[in-house]
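Paired with chain B in one complex and with chain C in the other, chain A is shared by the two complexes that follow.
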Partner chain A sequence: MKDFDPFVIPFNVGLYFILIYSVVRCVIWFRQLSRADKLRLQRGFFSRAFGESLREIFMESLIHRKILKAKPVLGYMHMSLAFGWFLLIVFGTLEADIFGKSHLNPPYKAIFFRFFNPGHGNSLLAEIWEFIMDLLLAFILSGLLLAIVKRFLPGVVGMKKTTKLRLRDKIALTALWLVFPSRLIAESLTCGAHGSGSFLTGTTGAWLASFLPAESLAYPFWWLYSLSLGVFFILLPVTRYMHIPTELFLIFMRNSGITTGDKAGTFAEVEVHSCSSCGMCIDACQMSFVTGINNIQPVYLHRALRNNEDVTEKAYNCLMCGRCEEACPVGIEVSAVRMIQRRNKTGKPLYENRWMGYFREHLNHEPASSGKTQNYKIRSNIRVEKADTIYFAGCMTHLTPGIKEAMIKIFRAANEKVWFMDEVEGACCGRPLMLAGNDREARELINFNSDLIWKSGASKLVTSCPICYNIFRSSYYIDTEILHHSQYIKNLIDNEAIRFNYSHKKVVYHDPCELGRVAGIYEEPRDVVSWVADLVSVPEEAEKSLCCGNSLANIFLPPSKKNAIAVDAIKRLTAGNPDIVATSCPLCKKTFSRVSKTRVADIAEIVAEEISSVQSKRIRTASVNLREMVNQLLG
Partner chain B sequence: MKSNKFGFTLSEPRVIDYEANNRQIAEYIFDHEPTFRLCIECGACAATCTAGQFMTFSLRELNVLLKRGENDIPRQRIKNCMFCGKCILVCPRGVNTRGVIFHAREAFRKIEGNERF
Partner chain C sequence: MENIVVIGGGVSGLEAAGQLARMGYSVTVAEKNEKTGGNVKNWYHLFPDRRDSKEVIDYLNKLASHPDIKILTGKEITEISSRNGKFDIKSSDGTVLEADAVIVATGFELFDSRRKEEYGYGIYDNVITSADLEKMFRSGGVRLVNGKLPEKVGFIHCVGSRDEKVGNYYCSKLCCVTAVKQAIEIKEKIPGAEIFCFYMDMRMGGPYYEELYREAQEKYGITFIRGKVSEISVNINGKLVTKAEDTLAGRPLRMELDMVVLMVGTEMPEGNIKLAERSLLKCSENRFFKPVDNHYGSNLSGKKGIFYAGCCVAQMNITESISHARAAVSEVVNYLKNR
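Presenting the complex of A and B:
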């Protein structure tokens, strides 16, 4: 019995290379973290985050729970390869330890155990062990078969599209595909020659040995097995398979409380490398399944970033609806990664690849718009009024006057003293500029609006536009409660400040991307609608809701294609023949009402129509009640 | 305007001098945002414009000047856009107006090396 054979060299080279490489890369990444993030990571190491990370690594990286839930067949494919391979390594190592000559063997002894120990006794334990090993190999091979089928017929595993690959990826993929079949054949031939093996390798081996010179044929297949493993490990850092080591690091960083933020840095870099190119985002993307644009999805953005390609089109030609982020099984903050690229106005990549892409260097470009002068010279005649409540309609609401009038009616019915901030002239809230990557210009508009809000001394700001709502909440320094009108109306209902009639209209509610996936407000508008009408549920709602197509985040998509997305979305929403399609975003309303035969209305309009003429006497201010609600929730 | 001393002015000749004009910026926008060609200069975008309430900003004017190749005024004023997107919604021709402005800024940056954008 031999202890070493030259064929293990490719495997050994690959294995030690990838181990050392992973450690070095992680150290580099750690050193590039900001001081605060380093502390977070260190604290995370000694807290519950560590345990949670281990659990998440097991559930997501090995079992692939999220993919299993969304697409069972695809999930099985990923699970069989990841979890199956993991178990094969664990059981293989144990096997080498228990049945091998010595304990604590080098890794190649476990991987090529059958070659060095063709028949290891006939004890019951040995037979059970052989059976387990065969079972695991069969488990992996079944997944591999699905993977091969998926490559050519994505529909089988429930995918509409599969990811397009480059040459480098194809070589690595072929190497990965060869690993397990070559192991099967090599083990089978060896077992056939020695009359060992269980149901898979034993049977196949006996059959092959019946007409082939098994002993001499096995040797080249052991070489093939070792070579494919070696090639796969060497190519791993420059292909999408880098996600295998990186994802572990990502999960640990995320559980320690590190987020993407708005600048290029380690976390964004780790996220980009953690993308496994599974293609779940392509399936979720409306730009893909409606307009047929299949090159801008996160998979391709991340890959272009890894290769330092020009990403201008990929970064900007996106609705930022967040459907891909919701679908991503790795949990990459896709929109934040994209925004970093939009803010980079130099048009040059932020990173440069060194050593054929095995290492990357961060480039510090001079910011393109470094001018200190003010961009906007706003001459305004806005007269600030002192009020408790400010109503900020937003640019888009001025194009849908129905919403504006409905809100004024509601304010009147609620006896609220309101200053209509942008009634005559109003500046943009700044979010469209921010989405275009022009943060500095956006800041000028934010300062202009903040100034007006401060001067009016209001305690509450109601806006009708979810786009404005998000930036008011995230980027304004104002001491004012920000409410979207759905929340405001919900408060009025809870306070019994207004009485409503009940109409028996069938209403479908469309979640706007900005209010739903971005702001996380799903319940309030639904409560409001169901207070005055019959709310019917549709498959595309809440986190799975569609984008109307007219998102301000997309600067490149021509109006004809935006229209196609709107037509598709409204077709799905009106499948159950509702009386009204309700939404809570003026932009969605404007877009849908152009293409819909069914009436499209904002929730404010639906509610305003049903205001009862008999009003309740009991009027309390909504803000007091909100505080009570918060206390109830907390206590 | 030379002088206003005598209560009347001398007007510059109003001939479009295509020899002196530079259509490079317009060509860049045509290449990157083909819907720019659809514009009929109706002025709906300028009428609804948020930025136009506070500043001198008319997308219609800029479109005309850019197509003529008179880039001096657009270079100054194109910064004033607030990107709010109302103009796209009112455009009767389906021009991706924000795309026009985005690419015009890019063109000024790339072709003229104007780092201000």
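Presenting the complex of A and C:
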């Protein structure tokens, strides 16, 4: 029995290369972190976050829990390859340790164990072990089979589209695909020659040996096995498979409290490299399944970023609805990554390749805009009123005056003294500019509006527009409480400041992207609706809600395609023939009412129509009890 | 005697029916409304000479009161199917009409202004459509909801036309000159009123249209502002605060108006889109019926024995609708003679 054979060299070179490379890359990334993030990571290393990360690595990187939940077959494919391979390495190392000649062997001894120990005794333990090893190999091979089928028939694993690949990805993919079949054949032939092996390698080996010179044929397949591993490891850093080591680092960083933020940096880089190109985002994207645009999804954006391509179109041609972020099994903050690219107005890539792409360098471009400042002094004739509550309708609400009128009626019914800040003249909240990447210009508007809000001395600001709501919450330095009207109306109901009739209309609630996925407000609008009408559930709700298609964040998509998205969405929402499609965003309302036969109304309008001097209590109590019961049942 | 079914009892439908009957054919007119006369019967005066629409309706009724013309009102046609050179025309009440040839003269319907919520139709009292204004003219007077005379009136052109956001790319062609006509009529009834027309382009492509436009400016002092209105709101005094951009002066403007008239465009009625789908008739991108050829085959549907007349293929004024209906009749006669 030998201890070494030249065929292990490709594997060894590859393995030590990738191990050293991963460490070096992580060190570089760590050094580029801000001081605060470095501290977070250091602290995270010695706290509960570490355990959390290990758990998450096990659940997500190995088991692939999120993909399993969403698409079981695809999840099985990922799990068999990742978890199966992991177990094969663990059991292989133990096998080499238990049944090999010595303890603490070099890795190649475990990987090519059968070559060096073709038959390792006939004890019961050895047989069980051989059985386990064969089972694991079969597990991986079943996943591999699915992967090959997926490449050509994505529908089999529940996907509509699969990712398109580049040449080096294809070479790495071929190498990866060859790893396990070559191992199977090499082990089988060796086992066949020595009469060992379990149900898979033993049976296949015995059959092959019956008509082939197994002993001499095995050797080239051991070479192939080692070579494909070596090639895969060497190519890994410049292909999508870099996600394997990077994702571990990402999980540690995220659990330590590091977020993408609004500037290019290590975290965004790590996120971009953690993208496994699984393609879950493509299936979630309405731009894909309605308008057939299949080149702008996060998977393609991330790949273009890794290749330092001009990503202007990819960055901008997006509704920013956040459905892909919800679907991403790796948990990449894809909207934040995209926003970084939108803010980069130079059109030049933010990174440059070094060493054929094995290393990258962050470039500092001069800002593209001239630095010319806008001036909203022309709006200085806005008369500030002292009030406890401000109403900021938002420009979109001014284009859907039904919502505005409903809010005025509600304020009156609640006896609330309100300053209607943008009643006659008002400045934009700034978010459309921000979504277009024009932060500086947005800041001008923010300062202008902040000044008015300060002067009014208001303690709360109510807005009818979720787009405004988000920027007031996130980017205004004001200590005023910000409420979307759904929250405000909910408060009024809770304080019994307004009373309603109960209409028995069947209402479907559409979650606007900006209020749902961006702001996380799902419950309040539903509570408000169920106070006055029968709220019925639809499959496309809460986190899975559709975009109306008319997002302010996309200035690339032509109106005909935006319209097509709206038509598709309203078709799904009205499948159960509701009386009203309710929403709580003026933009969604405006978009849907143009294409819908069913009435589309804002929750404020539905509520305002039912305002009464007495509350119809009986029905209300019943519906509350039923909901509570359901909630309890669901835990 | 060969029988022809005409779907639609508007200008084109009645004209076609009348001409066919005169030539000795038996005609059945199926009209979905309770009265014939199409969109014209809702109009007070007609452009460009401002004659009373009743004169045109009277002419059509006289033409169509022929022993060989049977008029069925309240009958909406849902499908045309052919078998052995004959046609079965199904209606929503379940009855079936038989015919040797069919003329589709289903016309247009007006754009529903509620789809442009920013103009506040159905929300603010004194926002009306051009059709509502004609009704006011007919019933005696232009009044605000509170009974007072409007002092400042705005006309908004292209509501539902040339607007890709509502999915209508086309020009409705009839509204520009209607706005000019209606502006003059208001000015005549309320001489002190100030009138503003907000337009994108003034499309005065018809006989005496341009002259009417010039008259509106020179004689009646009506102000034409190039720019679309962005939004309308109502202030404490009940005035309609109208925001627009004057694109010639290059500045935004805001004015308080008493009344706003929306110049609604034309659309293919929803029922006709279904009729087209069920009967395998082609529609073009603007959703109107698509004839075989725009120049010399605009009456031909592409299905032998089914012909188009009037506004169901493209926007036409009354003169053009009548001519198009007569052309359809000649196609029908040709078809029946040579079949």
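To be clear about the criterion, the second predicted complex is superposed on the first by the 602 of 635 C-alpha atoms of A that agree within 3 Å, B and C clash if a C-alpha of one lies under 4 Å from a C-alpha of the other, contacts with A are read in each partner's own complex, and residues count from 1 in each chain.
The rule we apply is simple: a contact is a pair of C-beta atoms (placed from the backbone, for glycine too) under 8 Å apart; a residue touches a chain by one contact, two chains touch by 3 or more.
Model, not experiment: these values are computed from the prediction.
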Touched partner set for A:413, first chain B, second chain C, both or neither: neither
Partner chain in contact with A:461 - chain B first, chain C second, else both or neither: neither
Touched partner set for A:513, first chain B, second chain C, both or neither: neither
Which superposed partner A:136 touches (first chain B, second chain C, both, neither): neither
Which of chain B and chain C A:560 touches, first, second, both or neither: both
Superposition-derived comparison: chain B or chain C, residues of chain A touched: B
Which of chain B and chain C A:438 touches, first, second, both or neither: first
First, second, both or neither for A:405, with chain B first and chain C second: second
First (chain B), second (chain C), both or neither touched by A:427: first
Which of chain B and chain C A:390 touches, first, second, both or neither: neither
On chain A, positions contacted by chain B and by chain C: 398-399, 559-560, 590
In the complex, chain A residues that touch chain C: 398-402, 404-405, 423-424, 559-560, 563, 589-590, 593-595
Of chain C, residues touching chain A in the complex: 114-115, 117-118, 120, 123-124, 164-167, 230-233, 235, 241, 254
Complex contact set, residues of chain B against chain A: 34-35, 48, 50-51, 53-55, 79-80, 82-86, 88-91, 94-96, 98-99, 102, 106, 109-110, 115-117
Touch list for chain A against partner chain B, complex: 316, 345, 347, 368-371, 375-380, 395-396, 398-399, 425-428, 432-433, 435-436, 438, 441, 445, 550, 552, 555-560, 587, 590
